Every structure is written in C-alpha cells, then in structure tokens.
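Each remark here refers to the structure printed beneath this line.
Chain nomenclature is as follows: A, B and C, assigned in order of appearance, with residue numbering initiated at 1 for each chain independently.
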C-alpha cells in the first residue's frame, strides 16, 4: 500500500515537469472524447496508465478522456469483441503475430504515418515487430527482458557461479540437486511459461533464424533441429531439474518455491522482479543471468516481449488517438513510466534513459549489446494463436511425460500443416 | 416414516446417531470450514507453511476490510445485484404470464409451446453462445448489464414457465370458472384471482432465479468484460489474478461473494426448496 | 366510434382464444430470439469457417461439413467426448449419494432442520467458489487431501496434475453440490411417503433394504426423475469447475465438450467460431437424446392426467 502511494506521489510530482515539457509539442488543440481501453490492470501498471491519462489530459484540457482498465487476462479474450462492437480510440495489445488477426481483419488502424515522423526514428528497434504487410499498426510503450533469475545467496553458499555454457548449467544444477534444491521453479498451468523454456532452448540450440522460421510455420516440427532442442530439454527433465507438480501451478504459485529456497532459479520475464521483492528477497539474494550458450558459435538471441498501443479502425477520435500515441512514445514519457517506481521495465525509445535498477540495467545491457542473433517477442506472440495454443500444451505434456515426444511432435506438425500448408 | 424414527430404536443407536450427526456435518463441510479458517489467517501463515494449523493471529477483520477497500469487489457485488434483481423481476413477470396462459387455457398448440419452453431450458448453453454473443454485440449491449439481464430473463423464463404452469394447473379451476360466469375479464382474472394464489410460486421462483443468476459465471464471461458490468463470479477470477497466492484474501473474497445466495437460502428456505423440486415433489 | 365498438366486441367474442396468446407473446418472443433461434444459427454457423472478428474482409466462409470431418480426427475432441461420458456416468452417483444422506437425515431429533440446511449448503454456493475450494483441497503441497492420505500412509497424489485422475477429481468436486441437490429432492419426497404403505410393508415383514427397494423407492419415483434430469443437465453443462480448477489441463486432459467449444471459439487463442459451433452441435445432439426422453416422460404424464 505504501509503495502504491509513493508511486502516485512520484507521478503527481512528475506530472508538472512533463506537463510543461510538452506544452509546446504538437500544437493541435484537441477536443471531444478520447476513449481508452487498457489491460494494465495490475497495481503498478494501472497507476502508470492513470498517470499517463492525467498528464495527457492536462496538456489537452478540452479533451475528455475516458479510461477503462480491464483485467489483463480477461482483456485477451475480450479485445476481439470491443474492436468491432464498441471500438475505443486507443487500445492496448501486443506486438508481432499476436496482432495479426486484428490487422488482417482490418480492425487496427494503419499508423505508418506516425512512424514516418522524426521522433519515431528512436523506436527503430521495434519497428519490425510492429510491421505486418509493410505497414505499422501500433506503437510500443515498454518491453522487458527474459532470463534466469536466481538465488544469489544459494549459489554463493554452494560455491556456484553464473553459468555461461550448457555444461556449466548442468553441473550447477547437479550440485543443487545433490543439496536437495531444485534447479528451477516453474508453473505451467497456463502453459506460456513452458513456451519461454522452449524459446530459449530452441534459440540456443538452433539459432534465431531457425526459431523465427519455426514459429512462423515454415519449418517442420519433425525436423532434426527441433528434436535436438527437445533432447537438450530432456536432459534437464531427466535430472529432475524442475519442481514437481508444476502443471498444477500458475506462475505466481510457483514463486514461493524460490522464495523459500526450495528451488534456486526461475526462467522468467523481468516483471517477476517486483514479485520476488514483495516476497521478501533482497537484492543480495536475487540476481540475474543470461540464458547460457548451448550450441557453441550460435549467436545469442533473446525474448523481449513488447507491449503496445493501437488505434482501432473504428475509433471515433483518431486525431486525439494519434496525439496520444505520440505522447506515449516520447522519450520523456517512456523514461518516466518505465522507471523502477512505475513499470520497472525498459523504455523502447532510444533517447529515453533506463532506470538505475540492477535488473533493468543488466537487461538493457544484455539486449543492446549481447543479443546479436536477434530479439524474439515470445512464443505465443511469434506463433499464430492456434499453433501457440496446441504447441504450448505439447510443451507442458513433454515436461511431464517426456516419453510422449513423438506423439506430441506429430500433433504439432499436423496443426502446422493444417494452418500453413507444407 | 422411513427409516425407522430414531426414538423407536435401541438406546445405543440413538446415541451413535446423535454423535454421528455433527461428525458427518463437519466432514461434509470440511472444504468450506477450511476456507473460513483461511480467511481469518494472516498472510504470514501461508509463507511459513502453516496452512492447516490454528491462525497465528486473528486477521479476519483486516482481511475482510481489505476485500472492500483494496479491490474492485464492491463494484462487482453491486453489478451482481443490478444484474440479478432485474432478471428476477423480469423473469417472474414473464413466466407468471406464460404460466397463466399455458396453465389455464386449453388450445391446440398449448402442449407444443409448453414443451418448447421445457426443451429450451434443457439445452447446453454452448449451443447458444456464439449467436447470443453476436446478437448482443449487434444490439450494442455487449459489456452492459442490460445485455446480460435480457439473456438471463429469456433463458430462465423457460424454467420458470415449467414451474408456474404446473403450479397453476394444480389450482382449483372452479374459482376461474366462477369468475368468468360473473363476467370478469380475463386479464382481471389473472390479476385478481390467479396472481394472489400464485404468491408461493412467485416467491419460490424469485429465490431460485436469484441464486442461479448470482452464481452464473459462463454468461458473465461471454457477454461482459470488466468491473463496469461483470458480476462477482467473474470478479473472483480477476481478484484471483490480483491476489495470486494470498489465500487469506482469496478466501475472504470468495466468502463474501457466496454470502448473498446463502442468506437468501436461509431466509427463504421453504420457498427455495419448493422451487428446486419443481413443485412436482410435494 | 362504431369501429372501436366493433373491435372491442371482436376481442370480447374471442377473448378466451386470444388472451393466452397475448399473455404468451412477451415470453415466447424473448425465448424465440434468445434461445430457439440461436440453436438453429449454431447449426448454420457450424458449416462455416469464421474467426468471429467484425470488419468487412472477415465474412464467414462456407466449408460444408469440413468442420465435422476435422472433429473426427481431432484427438482433443476425442478426449473431451470421453470425459463427457465419464461426467455423465459418474455424476449420476449424486442420486444414490443424495438418497443416502436424505435417509440419514430423515429424522425428527432436535436441530435436524438446521442440519438439513447446512447439508444443503454446497448447492447454494457458486461453482466458482466450489472450484477454488477444491483446488486448494487437492493442492499437492498443502492440500487437505494429501494431509488426510498421509495419516493413513497413502499418497501424495497430485489430483489435478495427473491426466488420469484430473477428470475424476473435478467430477468429485461437482458431486458435492449435486449430491446436496439430490438430497433435498429426496428429503422432500420422503416427507410425502405414505405411512400406511410403510405399515403394510412392516406387516409383510419388509425391513431395511427390502422396504427401501419395494416400498419406498417406488414412491420416490417423481423425486428420482427430477434428480435424474437435473443431474444429466448438470453433467453436460459442466464448465465453471473445469475453467476454474484446471483450465482444461494438464495438457487438455480434463476438457469436456462445453469447455473445448469455448476454448476453440472465444478463449485467448481461439478464433474458430465455426469449429466451436460444430462442437456445440455435437453436444446438443447428445443432450437431445435426453431431452427427448424427458419430454416423452412428461408427455405420458400429461396424457395420464
């Protein structure tokens, strides 16, 4: 509760600064209603969203902004309804293939004109992820790294170091297991966490290009590179590296294993840091490392999901919506909303500054200089919706019954062929 | 009476029975008792692994207060009320009329219409899901309480008609005949003769529909989307997302969400049971 | 003036014939729009491929019976169908279980009314809450189930994480409120059992089981019929519990048709309205067998009147 209050205070304070900074920006006087639907429903993102609305509102006093915050999970199924039934002027969503159904349905507005403006040059890193059929369909406001968050204190006690190769990784894991500690916690009830493991294992085993082709449906799930990925995964499973019963837990329910020291690490997105800290881990106990190399010589690539804003094509006030998108991507705003007191993530705008937070700095460093292979969004954003659903279910099954692999891969390939042809 | 009344059995069985009753009840309600205990525990108990021991301190008031102050729960509760009450009224009104028409009058398609209601009431929701969603979207009622209420009224009318019609069938027809002989108009017969006799049936339907609608989850998910209009059942799932592994909060939230129908049941037990048995088991 | 009189008198003359239709109109209209016609629309939609998104370039595409052909080879559909059968069969256990509890509680000791109410309690609570409660009951780490199994030296089991057990675990949770429902039906039914017949049975030397089977149960037939109807419907509608307890998992092994249909059509990754409709049609056809039976029973009853 106290953190929430300080966040608000910080926002209120920064409102003044940002307000003046923007006063001279795009001068058009905006009026009417601006309806925003947002999925930023967790406490910190919610405060960020409300803060943005407040600041934007002060810049445009004649504009009446209506913000509706919808539960993040519920939003995923409901966006399709409101986009056609009662489209807002601005809506949250995700980059890459995850936006394809709405783009090809003509439900998102083409915002290539915005991307042609000068300020947007600073967003070049995500332009690809926002592009479908040669046009851009939204703007990014934040992204975050994935990687291995681990109990530094446990590693120190056992004399372990951050692994950089697959062999070191397994050796560390064996030491942990010998001391009665699981190497990784994970909760696969909602499947996507297993998608993260597959992304990393496949990108490290076969490289970014193969991974991109596979998620795009251009490579066979029966190919030998895919099998190698699963063989590597199986090594960990057979060691007993993952916690038991992970198929019953959500990702949050899997956290306590690490908080209590029953498991030493978690392959997760950076949004988990707040949860670790809330759970009582200090920065001395918690650290981060990049997923180690598996196949030597393959350029490292990372998952860094980008969250976005879009204008539904049925929006009523597109002028104000475009202005809001300009506001969202501006360097000042992205610096503010992504800092440690707010989202605690990485700004997309290259002119923004990254918060001093240990994990954000490491993540930023990793993504900007140590991810030469490329940056993927995430399995369920890169693959098509139906493929993602069938595949992630298969990953979960594999993690529980690795012997079912042949059967699982046959199913995935059948789905791929049905969706993409050969 | 069957089984043999306990007074007429051996002393030892009487005592066993008296002892067995509370034991059976506790076993039966064990899952609920667990939730009730969860809801008064401090969150520390869960991180310490003290799930089933006594609460290390009593935090009931804090937990329950937080449900109301730190979440959208109050809004969800209000939504539930504003969805449930209009549905109950609309549905009772419509089915009193259909029940009257089908129960009193003999016309050729009477049984056909009646069976249409009954059959419709039995269909799996899923066959209606996509068309009803599209219809609600087209009417501009998606994500409104009204959209949900209209569907609920329509669907529950099937069930209520079944009940009302059977109830009216059992009324003495002589009363109605007598009124007709005196030249009383049909709608006045409905209003002044039949409706007063139907009070118990109306009450039974009201409490039952209240419970059904309050507990509905499926349609809430299909037709509404946020704290603006979603009822408390759907609210619990986002409450779930918000509180993750805070079992004490989840328990307190669940108990609050479950309370209104429980109170309804205890206050109106007789009517409730009459409704559940469809009036067919007397 | 003349015309109003004429109209009035026409209404007067036909009052008995017209009134029922006036009274039926609003209810029937609602029911036709929201229940009857959607059934046919779903049949229609099941012949199309449609992603459910609005917009001009998203018209539904006619594919004939292809959705149904795909169902035949869809292993997830097969799993759902088998699980539905499990639900149908095992859910019926609520009937004998309800009867058993009703017999146990059909006494007149002090406080029995309160006991009956409290036993009925689970039915009044939302399935969402029941689902949450049982999820914790089964939790592999701290669940009460494993605690209890531990006392007798068994377990631990991960009920909701084991593909072979998960459906039974959810059905068991569903049986809890459903048994309460059946119990109340039988309690009411037992009240109406004719005491003279019991006496007559006693004189014939019938006791215990024989009495129950030959004298009591025949008289409970109406209660049993309703219990059967509501239990079958409940079994085929099972959605809330699965959605809250496992979300269909692990790896889809606890799906039933109603859940799979929702998943395919409207869930996070589901965009296939036509395919979903086809699943719903299959579910409806299964239900139709039972609906026909119910209606036929009711029809015989009606004619008997």
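We adopt the following convention: a residue touches a chain if its C-beta (ideal position, glycine included) is under 8 Å from a C-beta of that chain, and two chains touch if they have at least 3 such contacts.
If you're wondering where the values come from, they're calculated on a predicted model, not measured in any experiment.
Visitor: Hey, what chains does chain B share as contacts with chain C?
Guide: Touching chain B and chain C alike, sorted by label: A.
Visitor: Of all chain pairs, which one counts the most C-beta contacts?
Guide: Ranked by C-beta contact count, first place goes to B-C.
Visitor: Can you work out the whole-Å distance between the CA centroids of chain B and chain C?
Guide: Chain centroid spacing, chain B to chain C, equals 14 Å.
Visitor: When the centre of a chain is set as the mean of its C-alpha atoms, what distance in Å lies between chain A and chain C?
Guide: Chain centroid spacing, chain A to chain C, equals 40 Å.
Visitor: Two or more other chains in contact with one residue: find those residues in chain A.
Guide: Within chain A, residues 73, 77, 84-85 contact more than one other chain.
Visitor: I need the residues of chain C touching at least two other chains; which ones are they?
Guide: Chain C, residues with two or more chain partners: 52, 54, 266.
Visitor: Among the residues of chain B, which ones contact at least 2 other chains?
Guide: 49, 133, 137, 237, in rising order.
Visitor: Of all residues in chain C, which touch chain B in the complex?
Guide: For chain C paired with chain B, touching residues are 15-17, 19-21, 23-24, 26-28, 30-31, 33-39, 41-42, 45, 52, 54, 103-104, 106-109, 112, 115, 117-122, 124-129, 132-134, 136-137, 142, 144, 147, 176, 181, 184-185, 188-190, 192-193, 195, 198, 211-212, 215-216, 222-223, 225-226, 229, 233, 236-237, 239-240, 243-244, 257-258, 261-262, 265-266, 273, 276-277, 279-281, 283-284, 287, 290-291, 294-295, 298-299, 302.
Visitor: Applying the document's contact rule, which stretches of chain A touch chain B when the two form their complex?
Guide: Residue list for chain A touching chain B: 1, 41-43, 68-75, 77-78, 81-82, 84-86, 250, 252-253, 255-256, 259-260, 275, 279-280.
Visitor: Please output the residues of chain B touching chain C within their complex, sorted ascending.
Guide: Interface residues on chain B, with respect to chain C: 1-3, 5-7, 17-18, 21, 24-25, 28-32, 34-35, 38, 49, 51-52, 94-95, 97-98, 100-102, 104-105, 107, 110-111, 113, 115-120, 122-133, 135, 137, 150-151, 153-155, 157-158, 161, 185-187, 190, 211, 214-215, 217-218, 222, 233, 236-237, 240, 247, 250, 254, 257-258, 261-262, 264-266, 269, 273, 276-278, 280-282.
Visitor: Residue numbers of chain A touching chain C in their complex, please.
Guide: Interface residues on the chain A side: 73, 76-77, 80, 83-85, 101-102, 104-107, 188-191, 244-245, 247-248, 313, 380, 385-386, 388-389, 393-394, 396-397, 400, 411.
Visitor: With touch defined as at the start, can you tell me which chain B residues reach chain A in the complex?
Guide: Answer in residue numbers: 47, 49, 70, 133, 137, 140, 142-143, 221, 225-228, 234, 237-238, 241-242, 244-245.
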